[in-house]
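Per-chain residue numbering starts at 1, and chain names A, B, C and D are given in the order in which the chains are listed.
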Amino acid sequence: MQVNEFKPKIVAFCCNWCSYAGADLAGNNRLNYPDNVKIIRVPCSCRVNPMFILRAFQRGADGVILCGCHPGDCHYTSGNYYTRRRMALLFSMLEYLGIEKERTRVEWVSAAEGAKFSATMNEFCEQVAALGENKRLEDLRCKQ
Amino acid sequence: MQRIGVFVCWCGSNIAATVDVKAVAEALKSEPGVVFSTDYQYMCSQAGQDLIKEAIKEHKLTGLVICSCSPRMHENTFRKVAADSGINPYMVEIANIREQCSWVHKDKAIGTEKAIILARAAVAKVHLNTPLTPGESEVTKRALVIGGGIAGIQTALDIADAGYKVDIVETKPTIGGKMAQLDKTFPTLDCAACILTPKMVEVAQNENVRIFSYSEVTEVGGFVGNFTVKIKKKARYVKEDVCTGCGLCTEKCPMKKVPNDFNLGMNNKGAIYIPFAQAVPKVATIDPNYCNMLKNGKCGLCAKVCTAGAIDYTQKDEIIEEKYGAIVAATGYNPISLDKFDEFAYNQSKDVITSLEFERLTNAAGPTNGVLLRPSDLKHPKTIVFVQCVGSRCSADASKGKEYCSKICCMYTAKHAMLTRDKYPDTDVYVFYIDVRTPGKNFDEFYRRAVEEYGVHYIKGMVGKVIPEGDKLIVQGSDLLDNKQLKIEADLVVLAAAIEPDKSARNLATMLTASMDTNDFFTEAHPKLRPVESPTAGIFLSGTCQGPKDIPETVSQAGAAASKVIGLLAKDKLKGNPCVAHSDELMCNGCSSCERVCPYKAITYVDKEFRMPDRTTKVRRVAFVNEAVCQGCGACTVACPSGAMDLKGFKSKQIMAEVDAICK
Amino acid sequence: MKVSYFPGCTLKNKAKDLDKYARLCALKLGVELEEIENWQCCGGAFSMGEDEIASKLSSVRALQYAKEKDQYLVSVCSACHNVLKQTNYQMQNNSDFAFKANNYLAFDNPYNGETKVIHYLELLRDVIGFDKIKENTVNPLKDKKIAAYYGCLLLRPSKVLAMDDAENPSIMEDFIKAIGATPVVYPYRNECCGGYATLEDKNLVNKKSGLVKNSAKNNGADLIITACPLCKYNLEKNNNTDIPVVYITELLAEALGLKEE
Amino acid sequence: MDKLKEQILRTSGVNTLKCMRCGKCSGTCPSYDEMEYHPHQFVYMVEKGEIEPLMKSKSLYKCLSCFACVERCPRNVEPAKIVEAVRLMVIRQQGENHLTANDIPDLLDEDMPQQAIVSAFRKYSK
């Protein structure tokens, strides 16, 4: 492994019912994905406030991914539809602010899709790594 | 400031092999607020649990971070440990360093580094945790079953047998539903009335059951365990408790031209009627649209002949309000309207009928007393063609019909064909089919009997057009296996119309906040694992209102719904999920955004008096979350523009603290 | 009121009565049929190929003409009507086709399906109203039992034509009632007469037309009415059954007292 | 995918996979008895890529474009469009017109409406 290889910081919000369980399944099946992905558990993808994503970028995250139940499968019947609409707006605004849209993503991962979870994370990390560090929104005052 | 203890589990070698657990415990010691940090081989074992309990006592811990397997495995275990030691169980956070760390990363240095970060995020969250207590609510020990067909009857009987009170609300003057209209039932061919009517009597006589016939639900409020329901008892102009069901009035009523809906309009009844001989309750009902007395005050014959004095022309609709702990939807189905399928000439010939009409034509209590005579000229039909899949399995963009398979048609068509050949061996019977679907116990054997023993002609293909010509019906269809277009001269054509949920279901779903699919079938909480519960707590599903099914399936689902209801009613109190939404009244601006996105209607608005700094008071409209109804998805927290709405256990501050810790 | 009128090739030649009486009757009922300038033949049959562009341009031209005048586009011939409505539908729903058609035609303002295309019968039912026909009927055809022949092109595909229930229509029967006659409903009224196959397969056409005529006759009709010259031709060429076939406009003219003897 | 099949699917705009093989199109077709290949076979054979036999078949010229199959198909497959697409594929080839101007005079009689001739031309030749 190269010593200076850039490892992007990735925050992954996972809904408790599908995607978090999908991530657990990836673990059960020992499906590797980069260690720079850190998961935050939320009850539903619709709990993710755009503020959280902005906060992540402010604090130096290089990419943020949201995982929820597949459309129609939401534990709370319609939460992921809210997510889809809200994030479409947020991501286009972020793009306007100069955060490449490749740094953000919404993905539907069911509790059975461990393989999809790991594949998605591998691919997303690669994609973000290719863009390099997020400098646009990072607040240097927060850096220690 | 919290006093936090960190407990790093090895999980044998599951974690310890790729994460340096000692290093993690050590690193966490320097985190602010952490007063104790250790590692152990199996934290979930009894010894591990004792270790945690000891530490809580010794170090006066107020919050715990367990670095172990997924919270989906052992969160409850560790919450219980906390509770046993006098800490609120919601002061525990799990850092998932097994599934999300040791199992997916091979390099020990990397694994250790990530485990430390995950643990730090958990510590950051615990700092902001507050003790949470699940709300408790009482359970009203009475269930409501909406719909009095076989599904509703079975559910009610099973609930009543367990000793709970149950009410059935049925819109028709009698319970019994579709099954009461059927002749025989597949695959055993017992007569529907013989097996259904004893159940109707049983349910009527059960002291735990009340039947509100000729009634409908008009309003539903409350939540699981505590529903308040308004039921409209429509005026039947007959005193239910006085009428003896002798039927004299129905014979004497001079108005004879009322289409008999029980026989699907194939004959007439009086303006005062009892739907059928075994009706429950067996009391007469007056149809106000036809009764001369009610329309223009001229007649009154039924009141004169009624020796019991049961007729009451002044009766009014009555609203009953009742409390329930659980509600079961059992609203059933209807055949679809065939107006859009007139290539089969249903609207153009009386001798083109639906399968349900065929049931009535062969039923001994039907318009022809069970003799198979065709409606136009009451002659015995010599050639009968059955057409399957009429309006089922249509493509969504075909602008007519339903996309789903109606499931019961293959079997009842085989039944009709077989019974016809059995009773009238001189009749030729043809069945046009696309596929014959018979997945059920003894179902395929039944269908094969129709073919092999009864000589029913099954033709693979579909009918393109039915041409009424003279007193015949020319059925033009394709025989795909013979590669021919057939023209069969038939006397009677029977269409297996698709079934659809009863029209009342949509309105009811809105009242119950129970979700429906695009076809207006109620959706289940989980298609495999929670098939009889709606996603809304306290609402259960029974029978065809959830999807097409036959009688055996309906009865088993009815029993399953009943057992779920019994499980709920057996509890004295319901413990809620404490991780629910909460609105800060001082910040709420009353905009209703949260109310609109809530899938459970858990949020209402109330006018509340506030003291202002200048000692005046002001009434403001603020959001109020019903904690018993809220399921804790958090949709409202994001919709709230003022930041008043937050989710307990997943507060914005907590999640942002995790974000900060991860990005550090 | 004025409407744009697309007569079509046959109404200028073999079916002059269909055309003449359509104009006379409409005028009597307060609608002037304004013939589109320099209209071109619709092609007689709609080409179902999605990549068929050129063969539909004459229809688009007529549609654009009506749009510029802000008028309904009315035709009497069932075939013209079918082609115009289907082309209009394609202009509305197939953006690729609409783009190419507009490129060919290079209008000042591109055409995107704005015009409302209606058949003469729809004009009578929805714009004029059958009640008004009833009021203006001077020779009610009281003793006539009339079989309406829809054929295929008036009703199908119903998603596009959207005039009436394709399997159990009533517009022509209601029209027959409005002029005082008795409609005869018979099962073959919406089955094909054989259409253009008449050119090379007389046998097929004879069979199909025979079914229609027999069915009308057996159900007690003494007259068949149609809006389509080709249907009329095919039905009349079948000698097996003796039942006259006339155009709807001829019959209307008779009822309104406009028929020249 | 087979080029011929691809072209037919594109010209017709039909998704043959929607067909559930019920045969209602063939049950309703007025020209059924004149056809060697019937409407449901057109859909099925195009789906399987067996297009050449269809192109050679006289059945192409027996379809009356009456839209009965289109109207009554429960899956909205629109079989007539498939027949038309195969027919177009044939007559768009040089010298493959089914009807030429020279054929016309012999086929006419004095009552025949122009409509018959133009329609037949639209369907049978390019």
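Of note:
The rule we apply is simple: contacts are C-beta pairs under 8 Å (C-beta built on N, C-alpha and C of every residue); 3 or more make two chains touch, one makes a residue touch a chain.
What you are looking at is a predicted structure, and each value in this text was computed from that prediction instead of being measured.
Counting C-beta pairs in contact, the pair that comes out ahead of the other among B-D and B-C is B-D. Taking each chain's centre as the average of its CA atoms, subunit B and subunit D sit 48 Å apart.
Spacing of subunit A relative to subunit D, judged by their CA centroids, is 53 angstrom.
Centres computed as Cα averages put subunit A at a distance of 61 Å from subunit C.
Residues of subunit C found to touch two or more other chains are 167, 191. Subunit D has residues 68, 71 in contact with two or more other chains.
Touching of two or more other chains is recorded for no residue of subunit A. Shown are all chain pairs that touch, namely A-B, B-C, B-D, C-D.
Within the complex formed with subunit D, the subunit B residues making contact are 343, 389, 393-395, 397-399, 401, 434, 460-465, 476-478, 480, 483, 485. Of all residues in subunit A, those touching subunit B in their complex are 9, 11, 20-21, 23-24, 26-28, 30-33, 35, 38-44, 46-52, 55-56, 59-61, 75-79, 82, 86, 118, 144.
Across the complex, subunit D meets subunit C through its residues 10-13, 30-31, 34, 61-62, 64-68, 70-71, 78, 80-81, 84-85, 88, 99, 107, 111-123. Subunit B contributes residues 70-72, 96, 98-101, 103-107, 110-111, 113-114, 117-118, 121, 515, 535, 579, 597, 599, 631-635, 637-639, 647, 650, 652, 655-656, 658-660, 662-664 to its touches with subunit A in the complex. On subunit B, the positions that touch subunit C within their shared complex are 339-343, 345, 347-348, 399, 465, 467-470, 474.
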